[in-house]
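Here you go, one structure.
Order of writing sets the labels: A, B, C and D. Residues in every chain begin at 1.
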Amino acid sequence: MMYFDDRLYLIAGAALITIGLYALLAHRHFLRRILALNVMGSGVFMVLITYSARTAGSIPDPVPHAMVITGIVVSICATGLALVLAECVQALTGRTELSDERETSEHTGARPDTSDEQHQDQSP
Amino acid sequence: MIVLDVLTGLLLCAAAFFFVSGTVGLLRLPDIYSRLHALTKADNVGLGLTVVALMLQAESWSEVFKLVLIYAMVLSASATVCYLIGNEAHRRGQRPRRSGAN
Amino acid sequence: MLYLFDLVLLVVIVLLAWRSLNDADLFRGTVSFIALGLLIAVAWVRLRAPDVALAEAAVGSGLTGALILSALVRMRRRGRDAPRPNHAGGAIPRRLIGVLLLALFLCLCGAMLRLAQWPEGLTETALAELPASGVSNPVTAVLLNYRSYDTLLEVAVLLLAIVGVWSLRRAEWPGDVRESYPLLMPLLRIVLPTLVLAAAYVLWIGTSKPGGAFQGGALAGGAFVLMLLGGFGRRALRHRYRMRVALSCGLLVFIAASVGTMLLTGEILRYPAGFAGHWILAIEAAALISIACTLGLLYLGGRPEEAGDGTPVNRSVNGSKNGSMGR
Amino acid sequence: MSHAGSFASMILAPLAAATLAFIFPRLGRWLAFGTAGAVSIAFARLTRLLLDGGVQVHRVGGWGAPLGIDLRADGLAVFMLLITTAIGAAVMLYALRYFNARRSPAEGHQERYFWPLFLLLWSALNALLLSTDIFNLYVTLELLGFSAVLLIALDGRRAALTAALRYLFVSLSASLLYLLGVAIVYTRCATVDLTLLATRAQPGFPLTIAIALMTGGLLVKSALIPGHFWLPPAHANAPAPVSALLSALVVKGSFYIMLRLWFEAFPGLITPAAGNLLGGLGAAAVIWGALNALFQKRLKLLVAYSTVAQLGYLFLLFPLAAGHEGRFTAWSGGLVFLASHACAKAAMFLSAGNVVRARGGRDEIAHLEGMSSLQPISTFAFGLAGLSLIGLPPSGGFAGKWLLLRAGLAAGQGWWVAVILIGSLLAAAYVARVLVHGFTRAPVPGPARPNSPLMEWTALALAILAAGMGFLSVWLTDLLQVGAPAILIPPAGGAP
């Protein structure tokens, strides 16, 4: 069995989570936030995998491994969805950042059903 | 056995040299085309040396075969990627830096 | 020596993570992110998690990176908004965030380092039941037998992702590279069949060694992306039901297996004794197809135009370089 | 053996129907109809099994915890399933008429994707309610969150897409915090099963951090102040049936997991201070949400802020159900309140949807004149649902608040009583504000764009359910008693 120091990996995991959270709160560009979520996810996975590898026996605990594989698949689905949604928002607003809360919630004025704001692309 | 180990060590050192020079080239060379040279050529030699070194340590022929396969895939991929990047740069109007210019 | 290796690896990982999120140029940030994914895969190998490393290298780094890069390119092309580092944004002052997160970091470290005293886990139980699970790779046993219900829902998440992407917008096809990059085609001719073969191999080997449906599916998904880049398969994508069936067959087979096992054994996903391996392989094979198609189509980032399905088709297949955004 | 079919049709029937609705878009509505039938039958069977034979546990894969995943139907789960089934079926009926492909291609597109997304959301909710495994709950949370986000985005307008994206970011980061908590819990206790955790959890710093992380993530998902900012734009800009689902059910999913964690898995680790903190935030939400609702210009935003306020009441359950006396009273009060809020809020969003739709998409409160004569049924439904939000008898809102008040007085925590009363007055004010405008005679006859009667009557049915739930509260309380967490019933016998 290879020796490794689990403390290093745990600290690195915590660092990844913190860096991801920081970027999530500090940056507003869609893509940065999506990257930040992925980095955060990697940090969480690192914590899980590190714990699974600490078992004294020859084989690491397979349960966290399966959880992480599930998590990786979930996170690529999330990334794919978020990217497409972000592109739609950019196409509608022309911006790559979320507008302020006030702007969205005080959205007054008529919202006619089929204005040109309508995003969907059914028009032939 | 010892001979093989020493040989492996030597090969790995040589590989490390190539990797390092490739990386230095990537960081220091002036334009995209020369950087591509450094990246693909030097690194492929480095990887080749590594593969040979690992072959000496392989326990079975199937392992040797897998190593060869890996090397073949990486070579073809890196050749294509190098070409793609160079082509794209060219299409975007990046000019190779000529000696004496600038 | 190995300690030093770990130290260097992790320091580089953390620095790359910082750089990928805070680089002024988003493109460079994304490239750092891809490199980060590869290094994290190395870390998984160091932590004796080869199954995860395979999934990470293919999905976490490769496909995620490809998704983000292509979205970045599309967003820049649409580009009224120059990517700027934006160090002004955020409703909460940065310094406050920094202090709070430092506290969080210390708490996390404290909590996690203290856990070192409980090296328990389910390893022994999982290994003890391994002979009855139908496979000999413990991770596959967890994914498709002990905790197969999680995997069922995960396959549902994959389907949900594609339904969602399709509901949001129409695909913008990547430009046809056949003419512009003649050298790419010979490579694709070699690589595509190899990747498909490799995917099948990874699926098969997954019952006994690192591998499985997700890793194989990721490989095949990568092949799918390459295929789209090379301009193959657009006609197939326009086919009315074929694509949707391929996308959902994984979930359908999984549900059918759940109901079937329930009728046979009285419990959902409890495989009949002695046949667990067969059931698992059947589910995995269907899942692989769906995973591969899902990942490939996520890259496309929208629904392909379908012939005669309510969505009007405005261009012929052969001539279309870019799908329309409608406006 | 006999319960396996019920569990399977609860979770797998909507899942299979969603898949088929994706492959065959034209069958969507029929598949949803069939699913509603199958889920209702399964629910009825499960309820009978529960009342006859007690808590039902199904070991998926035959392994059982800790290696496998268990599904469990106890009183709380069946209670929540009751709400989910009723509202799910009502929203299904409403949506049959709401999306009409003949009206415009955009609606055809919405209808085509609404059904698979709706069915996926439904199966995610059922799976969430029946699961006892905190990692499996993570997967169901993601399934639920993604489908909710996509249903909001179905609206297609700028405000909706922006809100959906913000919700997605919030939801994903909250899920990751939750997952980190799960990782720590698994390492410490070597299990992710709720029932086993109750026996294995020992106090200590790691588990405290883990619970804090999971709770934090879930609080943001259930939109408790200060994590509420995403909710109003998301719920107000979604299509009406989606708003109803989100406000009535989706936010309650994460709240439900919190209940499971706090009262079932880690009851020994929760300090009264933590409960009071949640209660305090809940009280703040009651006041802040209601004040915001009072000053909104748009009808759907008013209803959405009212959700922020009403969710606050639910969190009063945490300090009260951990008090000295009247724990079960507080528990059943909070849950009856949850049920009635779910029905009332669904009814409100559906009737608001009717009104807004009949006005061609305009929803300023100032322009609601003539609502009572043009949409009498919807106006009546809105008013009835409003009665339940305010908490007038015999509504479920009254029953829930009454039980909470009793528990508050029994536990000697009278300050929560004041919060409940102030919140009710504010609710009366914002409901009245809508109705005052609605009962004003229209100066000119508004645009005539009649809604389908089915849409009107579905809203009314839910409103009647909410307003009459007080009569059911005894039965509901009995249901909740089956397999209730042990901590709620003190050994001395203080329970009612």
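The rule is short, and it goes like this: a residue touches a chain if its C-beta (ideal position, glycine included) is under 8 Å from a C-beta of that chain, and two chains touch if they have at least 3 such contacts.
All values derive from a computational prediction rather than experimental measurement.
Participant: Looking at chain pairs C-D and B-C, which one is connected by more C-beta pairs in contact?
Facilitator: Greater number of contacting C-beta pairs: C-D.
Participant: In whole angstrom, how far does the Cα centroid of chain A sit from the Cα centroid of chain B?
Facilitator: 34
Participant: Can you compute the centre-to-centre distance for chain B and chain C, using the mean CA position of each chain? Integer Å is fine.
Facilitator: 28
Participant: Using Cα averages as centroids, what's the distance between chain B and chain D in whole Å?
Facilitator: Averaging C-alpha atoms per chain gives centres 58 Å apart.
Participant: Would you please write down the residue numbers of chain A that are in contact with two or more other chains?
Facilitator: Residue numbers touching two or more other chains: 17, 21, 30, 47, 51, 63-64, 67, 70, 74, 77-78, 81, 85-86, 88, 101, 119-120, 122-123.
Participant: For chain C, which residues are shared contacts with two or more other chains?
Facilitator: 108, 112, 115, 121-122, 126, 146-147, 150, 154, 157, 160-161, 164, 168
Participant: I need the residues of chain D touching at least two other chains; which ones are they?
Facilitator: Answer for chain D, listing residues that touch two or more other chains: 105, 108-109, 135, 139, 142, 146, 149-150, 153, 180, 184, 186-187.
Participant: For this entry, which pairs of chains touch?
Facilitator: A-C, A-D, B-C, C-D
Participant: Touching chain C in the complex: which residues of chain A?
Facilitator: So the residues of chain A in touch with chain C come to 2-23, 25-32, 34-36, 38-39, 42, 45-47, 49-57, 59-70, 72-81, 83-88, 90-91, 94-97, 101, 116, 119-124.
Participant: State the interface residues of chain D toward chain C in the complex, per the touch definition above.
Facilitator: 1, 4-5, 7-8, 12, 15-16, 18-19, 22-23, 25, 58-63, 66-69, 101, 105, 108-109, 112-113, 116-117, 120, 123-124, 127, 135-136, 139-140, 142-143, 146-147, 149-150, 153-154, 180, 184, 186-188, 190-191, 204-206, 208-210
Participant: In the complex of these two chains, what residues of chain B are touching chain C?
Facilitator: Residue positions touching the partner: 73, 76-77, 79-80, 83-84, 87, 91.
Participant: What residues on chain D touch chain A, complex-wise?
Facilitator: Residues 104-106, 108-110, 135, 139, 142, 146, 149-150, 153, 156-159, 161-166, 168-169, 172-173, 176, 179-180, 183-184, 186-187, 229, 232-233, 236, 297-298, 301, 360-364.
Participant: Which bits of chain C are touching chain D when the two form their complex?
Facilitator: By the definition above, chain C touches chain D via 107-108, 110-112, 114-115, 118, 120-122, 125-126, 129, 145-150, 153-154, 156-157, 159-161, 163-164, 166-168, 241, 244-245, 247-248, 251-252, 255, 258-259, 262, 265-270, 309-310.
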